């Protein structure tokens, strides 16, 4: 779809400076803007690019006053960043949405699907699966028996949801993610042989959860592994059995939450982080990348860092000393010499 | 399926205290027990919950003497934990097992399948594939040419097994796991361009192996990458080409074993651990989470920790000193002052 | 296929010592060579195995002079390692290549496929997909709308490529890898609720790129996430939105490159490494395993190590001191005692 500068200005209450008939059909970054795209200038560090950009339209803050000639048509708005986010949303919504049921797909006779579905070819819907309205199930996705999925949820290609799991509304599950695989539970026996403990629970993803590509969420031994409302998980994350992740917590890639750990609300975890089994982490806790939580974090809104985790500021100070260690060791050696001399040795 | 307290008591040689006709069809944890479920009390820390639980039946140790009224029907057994594990196993075995061959699936004419199979829709069995008895191949799984799979093995949805790999009996491969992808082998050439070294070997998973969701096991350059009997791998683990993992070793999520490394028997590796290429790790070695093995571990039954790995106790002591570094640096500064004074400077 | 020693010697310009009619149909490592296989001796550390190996043929350097009887037929060549690599390549090329279009597969009417394709059963090719010549798309792979794939590229089973991504020629995408999933972009709102920022860009994989099993490459917010020519990524790697990886850079498993980071050419990253968002890493930079790059690396050809990254040599020295910390602390304590004595306290 194409939009003119005039149309866009109306959508976001902006003022056109230049050609109101300039048209665009995509967005771009100002530093590599292409003809037929709209870009934006918000961060002053990027100002120089507005004089060179090939983008057809650039959103700018009202306050921006060019010092040279700008080839692109500009649209002046209150806040260019907010305006572009709004436009991106509109653009995303304008894109054609897949719909209908492609063949061949496998839909159990006992499965129930709401209105306006998309079911891609080679998607599998098992017995007693219940799917809400406006749900998209992309090709090669697997929905096991007795799974329920709420309205407006998108299940991308090759997602695997084991039997009995419950997925909320407005969720997004990215390609290759796995929900409901067995928890890692084994009873050690004689001679080191392990016996599998059946994993009889399930996974509950509440509403507005986003699960990254190839991320895995294991089913509970009993009861449920719970990912609460609004949680956003990046790619390649492991959530173990019986873990619980609080509302609106976000985690970056390659993080692992071990069995029965309970993470609070509104936490922010960097990449490569970990929480050991059975621990509790309070609300609003921040973890720097490569932080390993090895005991309960009972105080909310703290920032932790290190393996094992410490207060981030304390860690930074200690680490500064760590870097000075060769120097410190040399000083101690010198002091020993001095004392020898003082003692007349 | 429903079971009565009386039936269960018979199965596990217990004594009913309460209503022998109380029925259950699921298990639950005592702290969030629901009507129609059976729970258990083993850890005394949880004793308070038995007076509140909504579970219909609770397994208790013979020795347990309630101090208040217990609403639930109790079944007294020798050891409630062992009894519940036994019951979970029975319950798991009582659940309906998928069977038959769903359509459409792709089974090469030269493939051979044993008795009592389950082959899900969109599963792919290539040329000369040989499958034992009682094997389940879930939907969207891919079994490449010349793969063999032993009896009773379960291959969950979307598993990919490359050509020529050998999977033992009683194995479980969780959704999205990949077995037999090319090892990461490249010969550096002029100007930094890499030439691929063909990976002509395969992967052998011996009997009783469990592979976690989205875990990857690469094929050998020549010969086999071998995962020995009874090994249990958690989710998102990487086993590189020509590696070998000894009997009954268990590894937690996000661990990587590099090329040609040989890990011993009965080892236990925490999450985020790693073993560098071509190293040997002895039997019964334990690694704390985030431990990086960077040289051979020749002594068995040691516990290692740190990046790079050290003896865990030594590491703990050193780390305690690390935390005191700012303090130590301050002391050295003070000593310098003292010596200056002593020298009359 | 079987080859005789005589045939092989002709292919690689070698001289047969032993039975020219000895035949092989596979390769093996000398230490576990089996009858009917060819092996090689290059590293002198392995010399002892040539007297015991069951391999039918062994490639040896011209310069090798046996001290005992060698049962196997030997083929003398200038450089046994180079010769075996050449043979492996020939062997790999001699293996039957899948071809044709298996049914059922889903190929949109608007998709275009070049000459000599392989499209496996349950593969999905969306609208306007454009595939070059000699391309293999294995079973259960998903190619979203408007994706382009260059000549000779291999897309293994269960790969998922989201709409609009561009894959070059001579690429290999291993099973379960995901290309083009949404970048992890959210705008924090009031009460900690996150709003998704639409990810409108795509992923570009240039020519000769290899992507490991279950590795994920996210699409850009705007513009493209770019993996340049000749890059080799191991399994379970995360490349975030708008990242850029320079020519011929190689990365080992479980590495994460955060959003908008730009990694240079010819870099070598160990496993479990990471680069934080928006950073730039110069060309030819080496990272030891478990290294976390937390600021720009502007100097090329440096070797970094540690969390956070430091010069590897400096790190090694500092770490040596770290290991001596308990000792250093003891020395400081002693010095304090000495000074007390000197002061007559």
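Letters are used for the chains, namely A, B and C, taken in the order the chains are written, and counting of residues starts over at 1 for each.
Keep in mind that, in the parts below, a contact is a pair of C-beta atoms (placed from the backbone, for glycine too) under 8 Å apart; a residue touches a chain by one contact, two chains touch by 3 or more.
Going by UniProt, the chains are A, B, C = UDP-3-O-acylglucosamine N-acyltransferase.
Computed from a predicted model, the values in this text were never measured in an experiment.
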Legend entry - Homomeric contact subunit A-subunit C: same or different residue positions, threshold half: different
Inset, instruction - Fit subunit A onto subunit B over the CA trace and report the rotation angle, somewhere between 0 and 180 degrees, nearest 5. - result: 120
Inset, instruction - Mind checking the centre-to-centre distance between subunit A and subunit C? Centres are C-alpha means, answer in whole Å. - result: 25
Legend entry - Residue numbers of subunit B (touch at least two other chains): 104, 122, 140, 158, 176, 214, 236, 254, 272, 290, 307, 322, 325, 328, 332, 335, 339, 342
Inset, instruction - Would you pull the subunit A residues touching subunit B in the complex into a rising list? - result: 104, 106, 122, 124, 140, 142, 144, 158, 160, 162, 176, 178, 181-182, 184, 186-187, 191-194, 196-198, 200, 214, 216, 218, 222-223, 236, 238, 240, 254, 256, 258, 272, 274, 276, 290, 292, 294, 307, 310, 317-318, 321-322, 324-325, 328, 331-332, 335, 338-339, 342
Inset, instruction - Would you tell me which residues of subunit C are touching subunit B in their complex? - result: 26-29, 32, 85, 88-89, 91-92, 102, 104, 120-122, 138-140, 156-158, 172, 174-176, 210, 212-214, 230, 232, 234-236, 247-248, 250, 252-254, 265-266, 271-272, 284, 289-290, 307, 322-323, 325-326, 328-329, 332, 335-336, 339, 342-343
